[in-house]
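The same subunit A turns up in both complexes below, where it pairs with subunit B and then with subunit C.
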Partner chain A sequence: MRGLVELYTQQFKTTTAMMFQYRASLFIWMIGQVLEPLVYLVIWTIVSNGSGGSVGSYTTKEFAAYFIVLMLVNQVTYTWIMYDFEYRIREGTLSFALLKPVHPIHSDIADNLSSKLITLPIMIIIAVGLAVAFHASISPPLWAIGVFIPALLLAFLVRFLMEWTLAQAAFWTTRVSALNQTYFMMMLFLSGQMVPLVLLPYPVQIVATILPFRWMISFPVEILLGQHTPVEALEGLGIQVAWLIVGTILLRFVWRAGVRAYSAVGA
Partner chain B sequence: MNYLRLFVVFFRVSLMGELAYRVNFFVQLFQSFLSLGLSLIGLAVIFSFTNTLGGWRPDEVLALVGVYFLVGGMISLIIQPGMQELIDSVRHGTLDFALTKPEDAQFIISISRVEIWSLIDILMGIGVLVFALVRMGERVGGWEAAIFILMLLAGGVIIYSFWLILAALSFWFVRVENILTVFQSMFEAGRWPISLYPGWLRYGLTFVIPVAFAVTVPAEALTGRLNWETLLIAVALAVVLFIGSRLFWRAGLRHYSGASA
Partner chain C sequence: MKSPSIHVQNLRKVYTVSQQEAGTAAALGSLVHRHKIEIAAVDGISFDLAAGEMVGFLGPNGAGKTTTLKMLSGVLHPTTGEATVLGYIPWKREKPFLRQITLVMGQRNQLVWDIPALHSFELNRAIYRIPPDDYRYMLDQLTELLGLGPLLHKPVRNLSLGERMKCEIAAALLHRPSVVFLDEPTIGLDVTMQRRIRAFLTEYNQRFGATVLLTSHYMADVEALAKRIVVIHHGKLLFDGDLSVLVQKFTAHKTIEVQIGDCQADLNQYGEVLSCADGHFTLRVPKAETARVTERLLADLPVIDLTVEDPPIEEVIEMVFAQESP
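Take a look at the complex of A and B:
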């Protein structure tokens, strides 16, 4: 345990320095991270204004709050591991990570978090600016803010484990782009990034609740918007924990099989 | 004429190269269908709550999606690969090979790489466009069609010149890929009519990164929303940017020293 703490501190130091070197790339990532929710925010604002100020259970102001909070949750939970892993395996740089005595996922988590520490302040400023421009209104009960924090943390962990596991498809195929795209499309639709899930037809909502996507992005947003009763919120946290366990088991299983299949092509 | 012949030759070489990797065809087909499917689902959800989106009827937005795929396909078919080639060859110093050829180097570089599977996106875009036009019926006449083609050409020239300027920046700065990534994420916003966006974003997408001229303006021409002013600006901008990018390219070449060749 102490070893892990030391590892994370050291990794934080090196990657934070590195991320400052790549600040241009970080900024460019951010444009996409802001633009996508902004586009859907604009579309739904127009739809809502055109139909008398609300669509289903959402008012125009709630749409604004929804997509702005979603933008922040997405920023906190996103990973780029699915692009990265393919490169590591193709170029054989994974071999170096395998030589280290700790699981490579730890350095990835540290990298991911330190990049976010740098970008999050800017994202929050952007979010506040958008909230003013679009008159977002949000009034969560106090307990909801308390539940939001663990829900966000669990969302991050579930998404990280899932994407880290999926990224290992690169051990078996060099054509991961099709898999990645399928994943991102399902994510876009079923995690509520295009449209709040409650506005979808009922059967689609059930599918979204069964699959993990909702629990990686939409759920913390719903909590902060005060759309759940305390019991529903606790149930949601329970489902997130369940996905965390499933994700951990999957990861162990796939990682073992993957490393066995790995032959360091190109190294 | 000679240019056309050269283009056909390069195209054939790319085609023969790619035919060795036939699985890529199915991968691209799958990805294109997925992307189109998601667009259509998005439209279906939105138009289940409303009849018009900022004055655009469902069929008209569908036509816009068709134009988006058509233009996006053209960009990834030839413009983007050619400009990537320019950036790579400046960095590696292999631009020398293009410069020593007897034809114009800008032309050679621009057509040197072709991603032929992007033809799928183009065909799909045309398919969606035709479907939308049939549903729109007699509202689209020969005049609109002619203006549409003109605007599509102008948009293509604008995008090409814009990319050439960005890629030619690599004569001075070695790392410019990041700027190209910005273009990709901004282009995504062109799936929807630019007129919906708030002012600053609309100007950004029109004049900073000319997505509007590539997608929205042709779609406006087709749906009879285009005013003469925009039409003239589009044509003028295409001419100015084309000449400007040519001058920029020449200035860049003078700066080029084939560093690592």
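Take a look at the complex of A and C:
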């Protein structure tokens, strides 16, 4: 355990040093992180205003709150592991990871969390600015804020495990971008990034609830917007934990098979 | 001999490669049916290395050197055969095993490109859980032996190829591995830097008693570093033994350098004239006749200087590969 803490600390220092080398691209990346939810926010504000100040159960102000919280949740849970993994396997640098006496996922989680920690304060400032500009209405009960934190962490872990597992498709095919595209499209639609899930047709809502996407992004947002009763919130956390377990088992299984495939063909 | 540090028995690695002829028709055909062939990159090799031994692993491109090193360091699974390194089966990649070995790949980098190497060193310290005192000791040793002092704080991307290689080697040795695999550690480096790295490897081997197996294209590397060499070609073991024995075994000729006044004389009756410049002849003669030819040369001609040499090691190796080519 102490070894892992040491590893995470050291990775944090390395990631920080790297990020300061890439200040410009970091800035551009953050613009992207803000822009996407902002586009949906603007669209839904127009739609909502055009139809008398609300769509379904969402008022214009609630749309604003929804997309601003979603921006922060997406920022915390976002990963770039699918691109990284493809590169590692194509360039053969994965071999170095295989030589190390630590599972490579630790360095990846530590790297991801470190860069989030550095960018989060700026994102929060942007979020507050947007909340003022769009008159976002948000007044979660106190308990919801307490549940939001574990929900957000679980969302991060579930998304990380799923995408880390999916990234390993690169072990078997050199063309993973098609798979990535499909995944991102499903994510966009079923995680609530484009539309709040309650506004989707009921069958689609059921699909979104069965699949893991909702639990990676939408659920923490719903919690903070006070859309759930305490019992529903606890159920949700339970489902997230279940996905965490499924994700861990899946990851171990796929990783083992992937390494076997990699070490069979060489790199 | 005590139990070997590295034991390899009938190790074999077969790759399946899909082949495709040129042309559109062939491309369309390959959609339906892929023509697959099997290539044995390593084809049943066996050898042992004692603890602390330093062995050169020789062979042309594609001989199976890298594949072997990757199997022994656990990155690749063999198709058949067995191997143990420090008593572990490498491809099980057990943590105690990984903590005791390292693989340096001359053409790949593990250092983080955009930041100083020291950051990568620190990261390896955490990954290998090197105690602080040991880390400081090794860092001092490596800094001294490789002259890393001024390099550690520069971003890796700003280092020259040779400087980067020195940092790569240091990063790979911080955890003081007792088995070191080096794949072309001097590739692309200038002669001075090659020499520097060679001197370092010898020193590391002696100071820490590490078992070292290295591959190289540069014969000078192998000559300087390893008494014993293992030669592999088309995945098969051609020779395993002392470098001097290899020269004895595979050379039927010696080279005689003889200096006389000018290049006018015809020396073809003494042996095959390879070249002449400024009265400096190079003759190739069958090994058995060396003494007799030398005697005749000295008797017949106004010889200023005469030396008898084994052919350069490159030539010997070339002959080895030429003889055994299928």
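In this text, the second predicted complex is superposed on the first by the 262 of 267 C-alpha atoms of A that agree within 3 Å, B and C clash if a C-alpha of one lies under 4 Å from a C-alpha of the other, contacts with A are read in each partner's own complex, and residues count from 1 in each chain.
In the analysis below, a residue touches a chain if its C-beta (ideal position, glycine included) is under 8 Å from a C-beta of that chain, and two chains touch if they have at least 3 such contacts.
All figures in this text were calculated on a predicted structure; none of them were measured in a lab.
**Student:** According to the stated criteria, A:Leu7 is in contact with first (subunit B), second (subunit C), both, or neither; which is it?
**Tutor:** It touches subunit C, and subunit B stays clear.
**Student:** Examine A:Leu200 and indicate which partner it touches, taking first as subunit B and second as subunit C; both and neither are also allowed.
**Tutor:** first
**Student:** Using the touch definition from the top, say if A:Thr182 reaches subunit B (first), subunit C (second), both or neither.
**Tutor:** first
**Student:** In the superposed arrangement, which partner chain does A:Ile31 touch: subunit B (first), subunit C (second), both, or neither?
**Tutor:** In the superposed model, A:Ile31 contacts subunit B only, not subunit C.
**Student:** Answer with first, second, both or neither: which of subunit B and subunit C does A:Val55 touch in the superposed model?
**Tutor:** Only subunit B is touched by A:Val55; subunit C is not.
**Student:** State whether A:Ser95 touches subunit B only (first), subunit C only (second), both chains, or neither.
**Tutor:** Second partner only, subunit C.
**Student:** After superposition on the shared chain, which partner residues are touched by A:Glu232: those of subunit B (first), subunit C (second), both, or neither?
**Tutor:** neither
**Student:** On subunit A, what residues does subunit B touch that subunit C touches as well?
**Tutor:** None.
**Student:** Subunit A touches which residues of subunit B in the complex?
**Tutor:** Going by the criterion above, the answer is residues 23-24, 27, 30-31, 34-35, 37-38, 41-42, 45-46, 49-50, 52-54, 178, 181-182, 184-186, 188-189, 191-192, 196-198, 201.
**Student:** State the interface residues of subunit A toward subunit B in the complex, per the touch definition above.
**Tutor:** It comes out as residues 24-25, 28, 31-32, 35-36, 38-39, 42-43, 46-47, 50-51, 55-56, 133, 175, 177-178, 181-182, 185, 188-189, 194-195, 199-200.
**Student:** Quick one: in the complex, what on subunit A touches subunit C?
**Tutor:** 3, 6-7, 9-11, 13-14, 17-18, 21-22, 91-93, 95-96, 98-102, 107, 260, 263-266
**Student:** Inside the complex, what are the residues of subunit C that reach subunit A?
**Tutor:** Interface residues on the subunit C side: 13, 15, 41, 67, 70, 73-77, 91, 93, 95-96, 98-99, 101-103, 105, 108-110, 112, 114-116, 119-120, 122-123, 125-129, 155.
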